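Paired with chain B in one complex and with chain C in the other, chain A is shared by the two complexes that follow.
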Partner chain A sequence: MRAHAAPETSVHSTSHRASQGRWGYLLISPMMIGFSIFFLIALGASFVLSFTRWDLLNPPVFNGLSNYRKIFTDSTFGVALFNTFAIAIPHVILRISIALGLAVALNSKIAFRTFYRVVFFLPVLTMPVATATIWKWIFDPKYGPLNGVLAQAGIAGPSWLFNQGTAIFAVVIVLLWSGIGYDLIIFLAGLQAIPRDYYEASALDGASGWQQFRDITVPLLTPTTFFLSVIAVIGSLQVFDLVYVMTRVDTSNRLPTLVYYIYERGFEAGQMGYAISVAWVLLILILGFTFLQFRLQRRWVHYQ
Partner chain B sequence: MNRRTPGWYVSRILLHAFLMTLAVIFMFPFVWSLLTSLKTMPELFKPMPSGSIAQVVEYMIPLHWRWENYQQVFDTVPFGTFYINTVLVTVARTIGGVFIASLAAFAFAQLQFKGRDLIFFILLAGLMVPDQVLIVPRYILMREFGWLDTYQALIVPLLFSAFGAFLLRQFFLGIPKDFFEAAAIEGANPFRIYWDIYMPLARPALSAFGFLMFLSSWNEFLWALTITNSTEMRVLSVGIALFEGQYNTNTAVMLAAANLATIPLIVLFMFFQKQLVEGIALTGVKG
Partner chain C sequence: MVSRKINRRGFVQSSAVGVSAAMLAKSALAQDATPDASAVADVPAYNGEEVTITYGVWDSAQQAGIEQQIAAFKEVQPNITVEIQLTPWSDYWTKLQTAVAGGEAFDVFWLNSANCPVYASAGALIPVDSVFGEGGLDKANYPKQILDLYNFEGVQYGTPREYDTIALFYNKDIFDAAGEAYPDDTWDWDKFREVAEKLTDEGAGQYGVGLNLGGQENYTNFVLQNEGRYLNEELTECIVAKDVVAGEALQWNTQFFLDGLTPGPDIQQSNPVSDMLFPGGVVAMLPGGSFRAKTYHDLGMNIDVAPLPQGKVRATVIHGLGNVVWSGSKNPGAALEFAKFLGGEDAERILGESGIGLPAYMGLEDTWLTSLEGMNAQVFVDAAEYGVIPQDPVVGPAWQGTLGEEVNKGFAGETPIDVLPQTIEDAVNATLQDS
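Entry: the complex of A and B
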């Protein structure tokens, strides 16, 4: 296209290019100044501080690798790590499969499509703290509607948020409720991108609805599924506000997760250096899982 | 698809039955929370009767609609202050964040300058790092600036969205370069071109990113919890969480507060439903 433009207009002159360069730096400067201060400097400081003992009031004291060594023997860290994964694994798997199923159902010319789409999306808009407040009472052992309904069926419901096992179950349910709508919208967009002729051709070959789902929909949606699973894994490793409100009573938490533990060690127990080193373990976990997912994508993601 | 056999009708009815059941389950927490927020204290602590569905429905509906619970939210805690703070901080972060990200995105997509791609790559790498790693140094920076417990601290560190720069750059890349060159020949400087030509064209992407930024900012919790400590500086999310942590809180009032925090976003969404769903889908596909 540029070949058709008049040769050597002022746009291509050297002085113009230099001025374009200056404008480039000028326009990115607000972003890059902010990024340098609140990201690059913060990241460097965080790395250094993870090797110190520090209570925020006195100057930090360098203590080598001992924070990281301590992590391996810290049983509360182990519990937080266990809880985080016990929440993350069922959450990611169920969220993606339910959202995919719903998206396929809602992608057909079905009545009330918009209604369903809006209903499933509304929880996405709800503030996690508000979500947690509402669900905390739904799970209330005595006055909550869930155990009320179970009692109708003659089942004595458990004290959901008071035991580790049932609390994990409850948190996964709430995460699904608040996250499925987002994945649904993205899956629907992915489905729109699959050419209709694929289905028409396979219908002529006599393929059933299930065969079409298995042989066309699922493989062609794999890039979307991949994107959503990367996001879901990163998000579930960082669960915090929901758990903070649902399971915390005064100063103790019945279901500590990694981010809760970072917050609690640093800002409540005054062990900043240690809290930061736990955050670095979280960063390494996130990088590791993201890297692993990118490596594995070659085996199952089909790009058109 | 259009084979209207009896089997087709049966499968459609089953599908609707399933979707409706799920829709009821999804709506239940909202309905329950709205109804319960209007109950009186004694009604709250009445266990659900076992018996017919009619009895359960009757139990869920408040005997006396106690609208005063909503008034009480504002009497018990400075909820009005939390509200004003949240609106102020969210609007500032959204407008500032969209402006800063779109400026950078435009430069990365349309201007030639040395190191452009390397700088962009470093910015992108930043997306992988969770905020929890950065929260402590940011807190210290705020302390050094003397910004603890201020609006600046709530707003400034969260203005720089690498995600936004990435998303909007993708959009700006799709706009033909001819637009830029034609305007440049006329003597417009790059800022004018960005503002007069590219920004109007980018409206769908800008509103989608703006809405996502508004949503995440309205709901943000960890940073606001860390950086503020006076009641006057708290935002809704933190205000509700701390209010909730107290034993003696009236559940109905608590739920009223949760509803009040959620309603503005739902209203906003209802107004822009179509554009937003499309915009969010766009962010996912390009993501």
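Entry: the complex of A and C
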């Protein structure tokens, strides 16, 4: 018995490693099973369905590339694409710059600092549909408080959510209001990570506050800025709930975005196959932009 | 519009809109044909075992009445438990489509007549022919045209629940303040327009009329009254401009928006006339459906109702709501029992007494009228005499979406009114070719 002791120990240690591996697989399996069923299989199915005509009720019929061909001549798709970018571009730029400015302000020693941080973060915790409902009322052309205030000043306010230009403005405002708090927190964390010494050293050399901001804060925050801009671009290409709640009139929408258009084609017009092909185009757009951002980061993102 | 003129007593009258021989032949055929035995043979009869079935509905205002119906059903079938699944109207069709596709739909659910052909042709419904006849429901108790709303290619797919017509609600206080006589059955389009102008007071934020942005409670009625139709007989082509009269009616309707006599789509974006502005007391008149009567009655405001003003002919849209059984139901026998009960006199009486809907069961109109004491709701019942079923969306609902969108561009002043009919026609034709 004793003679077998040594080999047994080594067998034990191998099997221990193997069992550790098994445990690893076991522990990630809930995540992986969920990922496979709800993501991979759905992704594959959606790819196949994007080449079909399907109204959800009757079996899908294969129709080759005609969905994708149709996208290029579909003027409503063009409108949705335009709206999406008209919202995304100002949203990403303003969101990053305002959040950075606020973060720097809230990082300094001002009174009620924590209170302000909470106030700016609260909108992030609010349900988007609730947010949109309240803002819809604020922008109401006839009975809303915004136009009420404008009327006091002798200005006839527009139908904010009805005209494309003002509706884009309104949606960007709401996106900023509800999203800046998140970026703010991430920026604050980034600011805390910048060593104090840099500021002290530069102060000794006579650098002004603005120079410190430009030459220390901004460069050292670029990894954070990069992360936030990737998230913001993806998020703003996927705007749906705000335009669903705020800019619909009866059965049509004054400001359809790409994701709204996917929903409208698939569930309201009974063209699920076509809707899925639009979703694939959106996926490719998002992948493209994210890839581009990762390529460009080499030029401006500084890791310490 | 499809020219099935309907009469609640069950006649098909030759109509001013013109009767389609093919449609009549189809209806007659449907009545004479015996139930398709092969289609219903697959459904095993309910054997009395304990089951739970789901009932899909969209109107929360009707929940109490539906619960009473379910309680009454429990007395007849103590072993069948019915669970209400309420989905608001705005999400109902999305949810239903997805649930049918995903194999998780309601056992029994509400279906409006417009969607019946869509679901029946897709094989999503079980025929209910078996619930009629000996020991079941009697077809003679329902207006034949209401029954036919759920008849697809000669097979009955739903038990009738209620029907709805359109009439003119008005706010008596606004009329009294202006010293204007209330609307009555002598009104025509000119009178309607004239009073709408008188009662509009921009400074006070008061509108003479509130016109809905959708067709059923607004422009479709006037298109019918002008003897117009949206599509040709074969449902292959839009003829809003070609046929002239439909276009004329739409232009007449649009002019109310352009002249500010009704809240425009920009205001209705957050303040729909039927839900907000008319009950809010800033709109004097509102063409609206019988399904709104109970809500307005219970507001305790000074609201009454008159027939819709008439055009060349009297006409209103008539729609129906039926109970259908899902073909994927795990308890089809029990589901059929429930659908049968809902079409029967007891359930229909509860429906009428609760005021939530105008029962399709003939002779029960009074139960509904009694619940609306003080309101001249009889006009809705009378309107069934000249009600017209809107054109079948057999070709799919997509063209109706396009139609509504294009009409609304006219309301917003984005499409010039003189080219509006042609623009609508072109857009709808494009959608028809696409589907």
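The definition used in the following text is that the second predicted complex is superposed on the first by the 292 of 304 C-alpha atoms of A that agree within 3 Å, B and C clash if a C-alpha of one lies under 4 Å from a C-alpha of the other, contacts with A are read in each partner's own complex, and residues count from 1 in each chain.
Assume a residue touches a chain if its C-beta (ideal position, glycine included) is under 8 Å from a C-beta of that chain, and two chains touch if they have at least 3 such contacts.
This structure is a prediction, so every number in the text was calculated from the model and none was measured.
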item	value
First (chain B), second (chain C), both or neither touched by A:W300	neither
Partner chain(s) touched by A:F267 [first = chain B, second = chain C, both, neither]	both
Contacts of A:N58 with chain B and chain C, given as first, second, both or neither	second
First, second, both or neither for A:F38, with chain B first and chain C second	first
Partner chain in contact with A:L161 - chain B first, chain C second, else both or neither	second
Partner chain(s) touched by A:W137 [first = chain B, second = chain C, both, neither]	both
Which of chain B and chain C A:R248 touches, first, second, both or neither	both
Chain B versus chain C, judged by how many residues of chain A each one touches	B
Where chain A meets both chain C and chain B, residue numbers	136-137, 142-143, 248-250, 267
Complex contacts: residues of chain B adjacent to chain A	1, 12, 15-16, 18-19, 22-23, 26-30, 32-33, 36, 44-48, 50-51, 56, 60, 100-101, 103-104, 106-108, 111-114, 116, 119, 123, 126, 128-130, 132-138, 140-141, 156-157, 159-160, 162, 165, 176-178, 181, 184-185, 189-191, 194, 215, 218-219, 221-222, 225-226, 236-238, 240-241, 244-245, 247, 251, 254-255, 257-259, 261-262, 265-266, 269, 273, 277, 280-282, 284-285, 287
Footprint of chain A on chain C - complex, ascending	93-94, 97-98, 100-101, 118-119, 121-122, 124, 205, 213-214, 263, 265-272, 396-398, 401, 404-405, 408, 412, 435
Contact footprint of chain C on chain A as seen in their complex	55-58, 136-137, 140-144, 159, 161-162, 247-252, 254, 267-271
Residues of chain A that touch chain B when the two form their complex	1-2, 5, 9-11, 16-17, 20-25, 27-28, 30-32, 34-35, 37-39, 41-43, 45-46, 49, 102, 105-106, 108-112, 115-123, 125-138, 142-143, 145, 148-149, 151-152, 177, 182, 185-186, 188-190, 193, 224, 227-228, 231, 234, 237-238, 240-241, 244-245, 248-250, 259, 262-263, 266-267, 272, 275-276, 279-280, 282-283, 286-287, 290
